[in-house]
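Two complexes come next, and they have one chain in common, subunit A, joined by subunit B in the first and subunit C in the second.
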Partner chain A sequence: MSRSDPDELTIAPDGRPMEEQPKWRRDFPIDVPEDHYVARREFTKFLALTSFAFVAGQAWILAKSWFGGSADSRELLVARLSDLPVGGTLQFDYPGPGQPKLLVRLSEQEVVAFDQRCTHLSCPVIPQVAQGRFHCPCHNGNFDLATGRTISGPPRRPLPKVELKVRGDRIFAVGVTERTS
Partner chain B sequence: MNGRRRFTRAQKTPILSGIIAIVVLIVVLQLWLFTATMNAYLGGDHTAALPAAAASAACLLLILGLLRYVYQLDR
Partner chain C sequence: MPVPADYNFYIDPARCIGCNACVQACSECDTHKGLSMIQLDFIDRSRSTQTVPVICMHCDQPTCAEVCPADAIKRTEDGVVQTARKARCIACNNCVLACPFGVPKMHDQANLMMKCDMCYDRTSQGLKPMCASVCPSQALYFGTREEFESLRPNSQPVDTFRFGAQRVTTKVKMVVPKSFAENLLQITAPLEPGGSTAPPLDPLLANYFEEGSA
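Moving on, here comes the complex of A and B:
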């Protein structure tokens, strides 16, 4: 019997050193220090798998960026200024059904519109004009009423802004701008 | 004759611990990269996707190289 590693405690039934044993026996050692070593080696393999998962996620984002298509920017009549008082709000779907947006008239001449879905977990935000904010009741997120930027709470990104054009008395939505800050 | 040096287990264990420490650091870097890229993508900024994916793939290659070395330790 010969042992090339003096630290080796496990002795296989056939007496040969561990490096000459089949893989299954080396992967399930008897002595504790060797078992710790194998566990760390397996943990390294698990970390490599985690790293691969991150690369797969990055590839998915890249594919969505390249092949996800561009945002719809058709023009849509949203409301008439005469129908919306100062401080009034209106919900509308843009660019298509199931994509709720909120129109707010801030002053006589100023109207803004933002996506109604909170940028945290897509709960619908509620306009609180008196407090000057959009409030998300799910996790107490708050966005500025005039800019859509985050005031407090878990959301990191501002609400996507709807580009508006006012022609005479009519308000048109002409596009949506997503923002990171 | 095999010219590669064979390590005893007492030598291999700290080597493996060091490799794990490096791999954990790289994976945490990838996690940060992924959250930052996702945030940029959801915010409409698609310019970061390609360099972030390339950097993450480079991190994976580095980890695979270290993993290969771990396997060589056992031979």
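Moving on, here comes the complex of A and C:
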């Protein structure tokens, strides 16, 4: 027996034509040529559904960036200026537990805070105030201490910035801004 | 490359001398991973030395593949039923139980059904299967129909078998004497009531008959 035509279906044991056979017999053919055969209609369906899935994914990302940002804008008292000397750093969790952030006092009036997770592979970055950078020891990535932008190493995106408000002596975190450049 | 369509596999049990060369050669085939896929069966060991090598008959409607719940047993375009696909086989033993010829073997260590695939690495390159290449009496013969007929004028190949209500046609041919008029081997006829007048030969088989009829 030699079969090279994939349209030629396996004859079922009961001998009846393929139209009278249950659907599973066409879905799970015994012969390799039929098993490997992809009909034009099936291929088109696959292309259309895959494209639709990509479009839906993009739309979901877009919707998330439009409507999902407001959830982080909870106010939290982080520290008091009087407790934090110039050049001092403080780790705190914001907006919830397990989301570590780093607060740095750059000068008398200037405080900044950034996400502690490196934007490369989420290793925790270490503030090195003397060198003016956040250092990621995992792959030798460096971020600017004042702006959170990348200086060197594999990370391409800057650290997410925590929006701060200073009211008198108290420092509040009021939101997190994801940045791409 | 598929197995050449004009090449057939012939089994002639009358020529088998029980030397086990095929069993040993089979385990040396690269597609069998060191395991032999041939079983050398004794027809009636208490009365006869007659043996028969059991290789896969490569059915046109393979029962093993029909009963496979995992869609693991496939037949290539040349009609060769292959060993179960490793990624799919769930080692359920359905094929082992269902095959009318008793060919598939469960390889317990690999949890994989393995069976005679006609030495696909060899036959797809135009070589003979291992067993046919070593068989000293050519009970296992791989060649064209013309060669076979010129070499064995008193034999005829049969490729249709009846097991109860199931009729099986196969790619591999069983050789019977030319005096045997029909192209059909009624395998289960002696087991059926009134099917055979001859008493069963094997005492073990006789017990089976009594239990079956009770």
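One rule holds in what follows: the second predicted complex is superposed on the first by the 110 of 181 C-alpha atoms of A that agree within 3 Å, B and C clash if a C-alpha of one lies under 4 Å from a C-alpha of the other, contacts with A are read in each partner's own complex, and residues count from 1 in each chain.
By our rule, a contact is a pair of C-beta atoms (placed from the backbone, for glycine too) under 8 Å apart; a residue touches a chain by one contact, two chains touch by 3 or more.
In this text the structure is predicted, and so the values were computed from the model without any measurement.
Novice: Mind working out whether A:152 is in touch with subunit B, subunit C, both or neither, as first, second, both or neither?
Specialist: So A:152 meets neither subunit B nor subunit C here.
Novice: Who does A:50 touch here: subunit B (first), subunit C (second), both, or neither?
Specialist: Only subunit B is touched by A:50; subunit C is not.
Novice: In the overlay, work out which of subunit B or subunit C sits against more residues of subunit A.
Specialist: B
Novice: Touch check for A:140: first (subunit B), second (subunit C), both, or neither?
Specialist: The answer is neither, since A:140 touches no partner chain.
Novice: Figure out whether A:33 sits in contact with subunit B (first) or subunit C (second), or with both, or with neither.
Specialist: both
Novice: Between subunit B and subunit C, whom does A:91 touch in the aligned arrangement: first, second, both, or neither?
Specialist: Neither partner.
Novice: Could you tell me if A:58 is touching subunit B, subunit C, both of them or neither one (first, second, both, neither)?
Specialist: first
Novice: Output check: A:177 vs subunit B and subunit C. Expected answer is one of first, second, both, neither. What do you get?
Specialist: A:177: touches subunit B, not subunit C.
Novice: Report, in rising order, the residues of subunit A that make contact with subunit B in one complex and with subunit C in the other.
Specialist: Residues 4, 33 of subunit A touch both subunit B and subunit C.
Novice: Across the complex, what residues on subunit B touch subunit A?
Specialist: 6, 8-10, 12-13, 16-17, 19-20, 23-24, 26-27, 30-31, 33-34, 37-46, 49-50, 52-53, 56-57, 59-60, 63-64, 66-67, 70, 74-75
Novice: Could you pull out which subunit A residues touch subunit C in their complex?
Specialist: The touching residues are 1-4, 10-13, 28, 30-33, 35.
Novice: Which bits of subunit A are touching subunit B when the two form their complex?
Specialist: Going by the criterion above, the answer is residues 4-8, 19, 26, 33-34, 36-37, 40-41, 43-45, 47-48, 50-52, 54-55, 57-59, 61-62, 64-65, 119, 156-157, 160, 177-181.
Novice: Of all residues in subunit C, which touch subunit A in the complex?
Specialist: Per the touch definition, subunit C meets subunit A at residues 2, 5, 60-63, 65-66, 71, 73-79, 166, 171.
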